[in-house]
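Each chain carries a letter (A, B, C, D, E and F) given by its place in the written order, and its residues are counted from 1.
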Amino acid sequence: MARPDGRGASDLRHITIESGIAPHAHGSVLIRFGNTQVICAATLEESVPRWMKDQGVPGGWITAEYSMLPYSTLSRKPRDIVKGRPDGRGTEIQRLIGRSLRAALDLEALGSRTLWVDCDVLQADGGTRTAAITGACVAVELACRTLIAGGKIPASPVKRRIAAVSVGIVNGSPVLDLNYLEDKDASVDMNLVMTEQEEFIEIQGSGEEAVFSAAEMSAMLDLGRIGIHKLIEIQNTALS
Amino acid sequence: MARPDGRGASDLRHITIESGIAPHAHGSVLIRFGNTQVICAATLEESVPRWMKDQGVPGGWITAEYSMLPYSTLSRKPRDIVKGRPDGRGTEIQRLIGRSLRAALDLEALGSRTLWVDCDVLQADGGTRTAAITGACVAVELACRTLIAGGKIPASPVKRRIAAVSVGIVNGSPVLDLNYLEDKDASVDMNLVMTEQEEFIEIQGSGEEAVFSAAEMSAMLDLGRIGIHKLIEIQNTALS
Amino acid sequence: MARPDGRGASDLRHITIESGIAPHAHGSVLIRFGNTQVICAATLEESVPRWMKDQGVPGGWITAEYSMLPYSTLSRKPRDIVKGRPDGRGTEIQRLIGRSLRAALDLEALGSRTLWVDCDVLQADGGTRTAAITGACVAVELACRTLIAGGKIPASPVKRRIAAVSVGIVNGSPVLDLNYLEDKDASVDMNLVMTEQEEFIEIQGSGEEAVFSAAEMSAMLDLGRIGIHKLIEIQNTALS
Amino acid sequence: MARPDGRGASDLRHITIESGIAPHAHGSVLIRFGNTQVICAATLEESVPRWMKDQGVPGGWITAEYSMLPYSTLSRKPRDIVKGRPDGRGTEIQRLIGRSLRAALDLEALGSRTLWVDCDVLQADGGTRTAAITGACVAVELACRTLIAGGKIPASPVKRRIAAVSVGIVNGSPVLDLNYLEDKDASVDMNLVMTEQEEFIEIQGSGEEAVFSAAEMSAMLDLGRIGIHKLIEIQNTALS
Amino acid sequence: MARPDGRGASDLRHITIESGIAPHAHGSVLIRFGNTQVICAATLEESVPRWMKDQGVPGGWITAEYSMLPYSTLSRKPRDIVKGRPDGRGTEIQRLIGRSLRAALDLEALGSRTLWVDCDVLQADGGTRTAAITGACVAVELACRTLIAGGKIPASPVKRRIAAVSVGIVNGSPVLDLNYLEDKDASVDMNLVMTEQEEFIEIQGSGEEAVFSAAEMSAMLDLGRIGIHKLIEIQNTALS
Amino acid sequence: MARPDGRGASDLRHITIESGIAPHAHGSVLIRFGNTQVICAATLEESVPRWMKDQGVPGGWITAEYSMLPYSTLSRKPRDIVKGRPDGRGTEIQRLIGRSLRAALDLEALGSRTLWVDCDVLQADGGTRTAAITGACVAVELACRTLIAGGKIPASPVKRRIAAVSVGIVNGSPVLDLNYLEDKDASVDMNLVMTEQEEFIEIQGSGEEAVFSAAEMSAMLDLGRIGIHKLIEIQNTALS
């Protein structure tokens, strides 16, 4: 079954990671998964949330925020502050990003500081959350390097590089890294956050109007592993 | 490894489903997963959301809301309206419940009406979201029966019964249906929404500070299947 | 004049008080006034509001919150957090509950702690505020017993048992404990919070589209006294 | 027992009603109960709330809003919009004002329009809600006269003039029209809304830390009747 | 070209400043620019904002709030708290008032306290922001006198008296102090905040649908200077 | 007096305008004033605000929104939605942008549609509002070209090209286009929006802690004219 952009089932879109997009952040990248573009910025703050102080939890914290810029979608998306309430989908995604990054970092080794990770979608064409996680991981590592360079911590708190990719079932076939056209027709949509060693950090699969079988899940996981390996390779290049 | 409440790894807690807890709803149950208690109520409204009207989408809609009553937790949880913002975790859970139920129902067969599904946690001891989905499925089916009894629709729009259960890795071992004590020590926490035919509706697995392997996932899925079968049997009894 | 449910003018509906409905609270009851059902839960917090600390006020505090669960009404009532603002009627009622309970308790004897009293209506059929006060009084006393049992205070801070009941003028006749059908046709609606010694804590009477005479008020107060005595007897049984 | 300002137990403070304070309103007064000053403005809008249209309710509506200007209190009171939420006490009071005025007016005779009644406290020295109701009643009648003068309605929709006054027990004695000094020491605080014919519209009595007897209530009602008669006389003068 | 109210191009409307309108404030005035009426109240608080404490900034602070009372406009303006968000125009104006007053005062000489300046429009007929600034300056000076009288500061922190006036181009001609009728037809609207020495504090000119030339600006500034001189004379009288 | 970055008093920073930064918008640019970077995106919506429909106003509308991305500032700026209220400074700026653009466009010629103009600051180093206006003007013109290309309107509704620049007094000397270092030390800060013909659209000058003379204003205006001419030349190039 041909994909709309001519890719094979296990092909990622063209991926690029450009660092330094937001110079005031401690680490930042513009990541592209095809036409999907996300600004990922990591900013350090030399304090921790009140609940950590109150409970005496050692080490640091990571908080992620995800937002779609109003002009990132095909029809303009009103800002949350104009609607007066946070977007439900955005809340779900930023919680996923935060959990993923907390699994990638040794929070104690970060020291008593907060790493704010902002992911703002500049152009949405499917896979914004997986692009956000994959890019955020690079931005965080860049920010940690400024801590080491400044003599604030001896070694990087990054325990493992992680990447994220979507897989799904479109027209009955499993495919990797769905774009918007595929995404809206997919019967199953799954997002994977994994390490280079093929360990899972997060798996979120959903068949909103359909069900999927163990065999389909297995096929999707196989594609996912291929994508994760390629993405981590691209991260390695960006960070070398 | 012994579980805190003496269960075997593949044992569910004691599950009960009591119908009619909220008599003004069209269908309602109080579901218990051990000490976890959730009120699930399905209420019909004879209209659909504005976006469906505007876009001319046929059929009906399901909206789910999830909330923890302030006295459901060990230390009192302030109400969302007092904090002035919706709870992030609650937002994530109610989106999960909504997607799950939309996969269980034929929305066209529901007719041009909205099914509001409210899940309010009376006591939280782990697994509130899986209890909510399992109970909501029964409440929805009870509400649909009132439509049939009232001659409003000819047959039930329920396409498939679904249930949800949590699985996880605690102290290195996979276990089914974690209670709060296990949940807070688990290295992996996974929620499964499935059908009697072992098809997946939703899979959400997370290792916040840890990773998990394909073998661990496989062991968790095996336990999950056992739990889903038992839960659907209990649903069948409640609905017969 | 016959009442819709066949009661005499001075008859209460069937009243039940079931304790332990919310096991994580320090004291809780499900109270029923006929079809009206309210969950009343009292939760202790070992600190006082900031304004008490700032002003150096000794003793403790009671805060009440009242809410109608969305499925408690004949047509579903949207949650406050979805509407984005607290409900005006609910605000008025929770202020009434709080004032009533503060008159029942010796706040100094409570010690430096806050008693949170949550009243959530499970089914609304008239008289939810009076059921809430009558039930909350029992929940508070149960919570105070845990303080005594735990050796935290030597004796109960409850100065007096209080109960609440509605009276009104329906079709020109005074009646006790109105249900929803009567309430919506009543020309006068009055709520009384009183002690066993027939002392007043609160009196709130309103004739929204009508006026009422001193004679009518007198007749309503006579009925109210009868209801209060019966309710306090039921509380005494529940607490013995 | 001497009162702080030398009044007798049944004396009102000096009351003045000055009309035209807000020239853009259809009717407005500045009412003074001693040092308490409230701006009451009635504004007509040629439409009714959506719920009246939807339910096909004939006639008009009255909505009241009550607010304390930030500089009306001894220490500055932050604006609701800065705190981000409506004030609980204010909500309770504006509901009382609205109910009182709806009992004074024939809403059908008002025609299909809304009467907005705004009460803004310029200086608070006790009794702001009773001053607000007493003044609002005059402002509403002035606004209705503009409707008659404009030929929009044939006769005044005002069914009865109403006034409001506070009574209470201070140092064991019943007194009329409490100022702030008395109010904060009162063991019982009661607000009465009544007609010239001594009919009740609203009675709200509260003993926050104390109880009160039927005899005390009777004594307070006697004082209240005296106050109401004098206030309606002052209204009559202001409106003649 | 005749002005609607018969004034000459360089004539102010009738200006009055009446002090003591809000007796609980430390300084207050009701200022009238023709039919425009604004309550300006200055209230002292013996503490400074948190950011000043945190950053160790010496001296005091001024915060201004501006609001239109609902009945101040020709058709009733809903309150911000009812709309749930601050009014954009109001935000812009209160920032202008705050900046202007901070330029008039020596904040260090004010001592470690906050001066709250509230400007509430009672009747709006054009020029509410200029009336607010002109009146607020008097209210602030009155409040400072209470500090001196109380021995809290040795001398007034007022560095310079300031006043504000609007100028504009109406039907091609420059005019001073526009009323509402002129304002809505003006092609250019400019607000000036100046000192008696003709120094500028703020200049804000806007041609929303039109442009204006340097010559027109010059003509408007000439009129502005005339207005400022007269206004400061009126302030001087009010404060003497 | 040397400027921190070595520029002469009448030198702009290095200005670039890069189009197409947000491909889903109908027109978009990334504009740089030195280190200040702002994304300006113009999005068309084929409808007008409700108030225009209700009042029967012909033609279209422009709404501007301005926001600083959290990582645009030296220390991270929390998002408005997290603080729960719109930023006061941002509100002021977006109103300025909207007014400026409405003066540049013939709204009737735009047809019955809304032009949403979003300005998001990627890096803030002084002059973000002037960069936003200058860039937005280009984005709007690009969006209008898509309307012409699509045959929806016959000719461009842009009446005049406009640009904006800041001028100020730093260390006693007038300078053009202040960066952040200069801005925070400036005694006067003025923003000018002008046309190529040296006509004014907006002038906003403020001396928060200081005053400024007519001579200083004149010197600033001279510098402003120089800057505007250069900026419009750069716009012309970007649009040719």
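Note that contacts are C-beta pairs under 8 Å (C-beta built on N, C-alpha and C of every residue); 3 or more make two chains touch, one makes a residue touch a chain.
As the structure is a computational prediction, the values presented were derived from the model and not from experiment.
Engineer: Matching residue numbers in more than half of the contact pairs is the bar here; say which of B-C, E-F or A-B clears it relative to D-E.
Structural biologist: The pair repeating the interface of D-E is B-C.
Engineer: Taking each chain's centre as its mean C-alpha position, how far apart are subunit C and subunit E in Å?
Structural biologist: Chain centres of subunit C and subunit E, defined by C-alpha means, are spaced 50 Å apart.
Engineer: Find the geometric centre of each of subunit B and subunit E from their Cα atoms only, then give the gap between the two centres in Å, rounded to an integer.
Structural biologist: 58
Engineer: Could you state the distance in Å from the CA-based centre of subunit C to that of subunit D?
Structural biologist: The separation of the two C-alpha centroids amounts to 27 Å.
Engineer: Can you tell me which residues of subunit F touch two or more of the remaining chains?
Structural biologist: Each of 84-86 in subunit F touches at least two other chains.
Engineer: Round the ring starting with subunit C, subunit D following: which chains, in what order?
Structural biologist: Once subunit C is placed first and subunit D next, the ring gives C, D, E, F, A, B.
Engineer: Taking the complex as given, what residues does subunit F use to touch subunit A?
Structural biologist: My answer: residues 21-25, 28, 35, 39, 41, 43, 45, 65, 67, 69-76, 79-82, 85-86, 116, 118, 120, 122-124.
Engineer: Mind listing the subunit F positions that touch subunit E in their complex?
Structural biologist: Those residues of subunit F that touch subunit E are 85-86, 88-89, 91-92, 94-95, 99, 102-103, 160, 190, 195, 197-214, 217, 221.
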